[in-house]
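Both complexes below contain chain A, partnered by chain B and then by chain C.
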Partner chain A sequence: MKKGDNFISKVKEKITVHNIERQTEDQVTITVDRNDLPEAVRMLYYDMGGWLSSMIPNDERQLNGNYALYYVLSMEGGKMTIEDELPQEQKCWITVKTYIPANDPTFPSVTCKVPAAVWYEREAYDMFGLTAVGLPDPRRLVVSDDWPKDLFPLKKDAMDYRHRPDPVDHRDEPDYKFLEPNGSGVVDVPLGPLHITSDEPGHFRLYCDGDTIIDADFRLFYQHRGMEKLAENRMNYDQMGYLAERVCGICGYAHAIGCIEAAEKAVGIEVPLRAQAMRVICLEIERLHSHLLNIGLACEVTGNVNAFMHIFRIREFTMELAQLVTGGRKTYGNVVMGGLRRDMSGTEIKKSLELLVTIEKQLIEVWDAVMDDKAQINRWKGVGILDRQVARDFSPVGPNMRGSGFGRDSRHDHPYDFFNQLEFNIAVEHGCDVYSRESVRYQELLESISIIRQCFEMMPGGQTIIKPQTMIKPGAYAIGNDEAPRGENIHWIMHGNAQKVYRWRCRAATYNNWPSLRYQFRGNTIADAALIVCSLDPCYSCTERVTIVDINSKKSKVLTHKDLKRYSQTLKNHPLKNM
Partner chain B sequence: MNEIAIIIETVIKAVVVLAVVAGMAAFATFIERKVLAYMQRRLGPMNVGPHGILQLAADGIKLFTKEDIIPQNAVKPIFKIAPVIAPATAFTAMAAIPFFPEFTVFGYTVTPIISDINVGVLFIMGVASVGMYAPLLAGMSSTNKWALLGAARTVIALLSFEVVSGLALLAPLMLIGSLSLIDINDFQNGGFSSWLVWQQPLAFLLFAIAGFAETNRTPFDLIEYEAEIVSGYATDYSGMRWGLFFIGEYANMITVAFLVSIIFLGGYNPFWIIPGAIMILIKISAFIFLFLWVRAAWPHVRPDQMMWLCWKVLMPLALVNILITGIVLI
Partner chain C sequence: MKLLDMTRKYGNATYNYPFEPYVVPEGFRGKPAYDYEKCIGCAACAVACPSNAINVKLNEEKTKLVWEFDCARCIYCGRCDEVCPTNAVMLSDEFETAVRFDRKNLLERGCLEVEYCEKCNKPFTTKKLIAYDLERLKRVGWDEATLADKTKYIHTCPECKKDITVENSTQYFVRKRK
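Right after this comes the complex of A and B.
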């Protein structure tokens, strides 16, 4: 009996399963009739302990004349109680697939039965024009407010650049419809996109009664970059990893790994052990600097700028660590199909181990100092409660989830790369509030240090890259998962012909955390709004230095921090003048 | 003849106080940035002049030359006049503060107080509370939600903490039996041990905390804390109108520092070989440094936490303090 068969046989008792396909050992796809879709997903989700990890609409009209929907469920147990978890050997991915005929692009909404699907189904309409019948909130989600009604960008025959629609004048742009509570005395307070502490492309409307938030709605996706479309049209597999990295400015490595591993898994490429270990190291370094950033910001939002600055002191060491592993201060530009571009030398490993000691010591010191401050803890405790039932319904991920007492961790539930051989604990807190989330992050920092140390100590020898000799198989698809600092990233890749991707679906961790944010706002004061958003972990990007290479003259020059600073102040002697 | 001399003297004093305190307020902003920076392992302003000292001038030029934006929907007369209230009340309050001990210039005795009124403390508290109208009117007239929230918070914060500061001051005043700050100062001329802080430590603590709240300093600067309500009442202000609020705030800080020094820390009485004038400068500098230190050390409190602190902790303590002082006096 293979992984997942027991669940499928249970589904079969009530629902006709047309087809069962196995992608990898722990990834199975079942095809059901579109009218059975909601019930199949509900059974797997609530009856058998699944979580909705992603949903991929796909335009397969070239392949079989239909659209297809893939609901990816992570089978790991409901986790509402400690016993309510599947045994490790039963955990798997089950994808529920259904075909939608091209001449009738509708399907029954799963959201009515599994609320977690709400954003996915809204996006399915935006991108493919697939209407979820019965969807309680059918507003558009991803495309801009002035987007033409009949243009669905991810359809294979859409976005012909010869027929590009004219842009709408900004005065004629329609307003986005926010869900507003009725009643007198409700004040709506806008937060963002240029609010001073959340200068991210996201706009929140807080509906307040006095100082208390009674409801909230938000509009995101101001900067949809069309990466999935870009990948289908222009990128080959060598470039995919680098594109996926650019999804995020801070946990980009996790995206690159997710994307490349999905592609590798679909055709069954085994990566050398040394590369696996180093991939794990990079992911954990990313967790280190990302969590440090977030804990720092959570302090800063509550006015504790001192703690923020001292946490950033530690973060600098993690950047150095990244430099030892990948050669750059961030972890970027290292992942390719079949392994990694850069190997580490013995001295680098030794230096890294020394750095880890420093990081661990200083981290404990600073965290103790922060925890010593009652005022700080009081600002965090009881704020932004993520109710356990809401969490069960909306499938959030990452520290957001673990702060509410669910031990969901992709490294543990669906171990990838080297994680089978490592020992680590999942940090779980039961307070459901900002304090629990930050506390989970702190514990994970210590775990990450221990994981990196284990990897260095057990570092296998050999190559870091193999040539992916296997031919790319058109139509093969698989899921790539990893635990990014913000939670589980899911990438889904279907191979196409001519060394191109047929469909790439990237689901970043925060995508699953947004829908439940509304519930986290309720009942808190405006003073905590920015803190609650922060505790989900928004992200920033920064570059310290630039290397410029002139291709014509083959000269390269490293611009240091000093050069850039000098130039920004004097505007004289452009650093690239003599190139 | 004598009357004209008094008028001239008062005008000169007023101009000097205005100029010096405004200058000190500006300098305090620089010191604040430097001190905070060093506490947060940064350098602070470094690029304009040696150690960034000319940053002050740069900021001043910027404030004076920046465009003065008035929002379209604002209630214009009130929006324009609100910023004037802040420094006006802050400087008016200083009229009753004796800054230094008496000294003699060219045989003419100068009392460094603009007007020695016999209810000095009451006058200062009263005028300072009028200052509350500045953020209130600013917030309400600028038709901005963050500003409105800031204004609402101002009223709660200042009103609540005025109760605490008033009650806290009552106990030492019972001991002294006078509301004139000169009398209060002279009451403590018996050297270090006669400082009121030793007799009234609780009142000192309460008044200091209330002082932080009334000058909108961290951890109680919730009326304009940027992470929560952008810039509070000042969100829509720019240029010199905003600058006026700023000067008012720092002038208030200096007033509070003087009040604390005079009422609790022995005022301008000479200490050991140090003359009184130097002594009070040291005291107010130390107290202003405390303002900055606290800002670096503490996170913000939420409005509800602040109210809890005010009404459930500080006010009962102040009452108990008065009661005990009364019993001891009887």
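Right after this comes the complex of A and C.
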């Protein structure tokens, strides 16, 4: 029996499965009828221990006259208790596929049964005009509010990638409807369009009763760059990796690996072991500097600038490490289909090992000092609770998830590259709060150092690149996964003609973490809002200025970025005091 | 307090840059350096460049072949370095690429002499590329006559070469039929 067959036979008992396709050893796609879609996804998700990893809408009218939806489920067990995990040999990816006829672009919403699908289904409408019937929250997600109503950018015949619709005059621009709680005495605190810690755009509405946040809503995607459109039918595989790298400024290497490995898996290319080991090394270096950045910012946003400076001093060593092994401060410009373009020399490895010793020693020293500081710990503990049931419903990933006691780690559940041969622990904490998440990050730093050491030790010789002899097969598709610092990245590639990409779906880790953030805000104070967002390590951006609106008196107050930052750090002079 | 002790222990963590140079490790991938003397205008780098930072085009008057590098687009992957047959483009250890006020200051250009086709007089490649080819062919070790025969069309553009080939083969078949 092959991986995933047991799940499929269970689905078959209730639902007609039209077609079963196997992409790789652990990736299977089943085609079901449009109306059976929600039930099929629900069965796999809740009954058999799946997690929603991605959903790909695809315009396949050129291939078979229909649109298609692919719900990617990662079968790994519910993980609500320790026993509730599938044995390693059963873990796999199951994709539920359904066709949607071009003349009737609707499908029954899966969100009613599996809440994790909410963002994906909103995006499916924005990009393809596919309407999820019964979707509880059909607002726009990706495209701006003044985007033309009938222009769906990712339809193959919709527009050229260079097309920019004329902007609408700001007076005619439709307002985005935020979800507002009813009741007297609710104060609306907009947070945004720029985040305090990460300096990236995102607009948050905090609804407060006094100082306590009772609900929140947010609008993101101010920086949507249309990369998926850019890649389609245009970029070749020499360029794809470099484009994917530019998805993120911190964890870009993980995107490049995800993207290229999806392309490699779709046609069954095996890269040399040395390249695999080096890919793992670079991914772990990226985790080192990203986690150090986040722990540093979590200290800074609570006013501990001293710790922030020390952590950034250590972070500089990790950047030097990257410089040594890849020739650039970032690990970029290296990944191509078939391997890696740059090899490491013996002296570089020797110097890297010396640097690792310094990093490890100083890291432990600084973390102990931070843990000694009771004021710091009190700001982190009990803040931004991610409830375990909410987590189960929304499929978050990364340290966000592992801080709530779920041992979800792509490196362990779906080992890629060299990870089959390495020994490492998954860091799990059970506090569900900011402290747990930062603590998970710290433990992962130590694990990463150990992983890099093991890789250097076990790295075989030989070449780092092969020429992909297999020709690209049009229509072949596969998933590429990897554990970026913020969680699991999923890339999905369908090959097109002439060595080009037909459809590239890039799902960054934070995409799965956003929908549950609303629940994490509830019950916390305004001063902790920035910290909670920071603890997700979001890939976007907090607050250039904050407007505070008192619904009762209709008074409003505009706070500058500095005001809120000062309040977050010092907890003095409450911004609502003089309202 | 522990943190303050640590500050004393490690002292100054910053470099004195820009008052003293920052030393990069060996094998650093910095700004591609262009050597005009070595460049033959083969455009291999322009073909390989994934971000279109390097362009090789004829100028408007079609008198010069212009090699142009836009540092603002460069992603420092080093593909150009890999493919260059004469090492005219090589990654350097330079990382200071800031310019004042105008992005155009990041452009780097090299104009190469073009070779005109001896039949149709259209520009088709650079003089230096022809010279490079001839020199490489000489090293093969053919005698004078063979070399002359092999390089008969070296000053002819691909279009004209095609025409000549077609003409020659037609004549061959016509002759045969007679």
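In the analysis below, the second predicted complex is superposed on the first by the 527 of 579 C-alpha atoms of A that agree within 3 Å, B and C clash if a C-alpha of one lies under 4 Å from a C-alpha of the other, contacts with A are read in each partner's own complex, and residues count from 1 in each chain.
The criterion applied here is as follows: contacts are C-beta pairs under 8 Å (C-beta built on N, C-alpha and C of every residue); 3 or more make two chains touch, one makes a residue touch a chain.
Values in this document were obtained by computation on a predicted structure and should not be read as measured data.
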Original post:
Regarding the shared-chain residue A:Ala117, is it in contact with chain B (first), chain C (second), both, or neither?
Top reply: neither
Subject >> Touched partner set for A:Asn378, first chain B, second chain C, both or neither >> reply: first
Original post:
Touch check for A:Val11: first (chain B), second (chain C), both, or neither?
Top reply: neither
Original post:
If you stack the two complexes on chain A, which partner ends up touching A:Val301: first (chain B), second (chain C), both, or neither?
Top reply: first
Original post:
Once the shared chain is lined up, is A:Leu324 touching chain B (first), chain C (second), both, or neither of them?
Top reply: second
Original post:
Is A:Met278 in contact with chain B, with chain C, with both, or with neither (first, second, both, neither)?
Top reply: neither
Original post:
Which partner does A:Arg313 reach: the first (chain B), the second (chain C), both, or neither?
Top reply: both
**OP:** Could you say whether A:Asp528 touches chain B, chain C, both of them, or neither, answering first, second, both or neither?
**Re:** first
**OP:** Across the two complexes, find the residues of chain A that touch chain B and also touch chain C.
**Re:** 306-307, 310, 313, 373
Original post:
Which part of chain A faces chain C closely enough to touch in the complex?
Top reply: 238-239, 242, 306-307, 310, 313, 316, 320, 323-324, 326-328, 332-334, 341-342, 345, 348, 351, 362, 365-366, 368-370, 372-373
Original post:
Can you name the residues of chain C that touch chain A in the complex?
Top reply: 2-4, 6-7, 10, 13, 24-25, 27-29, 48, 50-51, 75-79, 82, 91
Original post:
Mind pulling up the chain A residues that touch chain B in the complex?
Top reply: 187, 189-190, 195-197, 211, 299-310, 313, 373, 375-376, 378-379, 525-531, 569
Subject >> Residues of chain B defined as touching chain A within the complex >> reply: 36, 39-42, 47, 145-146, 149, 218-219, 222, 225-231, 296-305
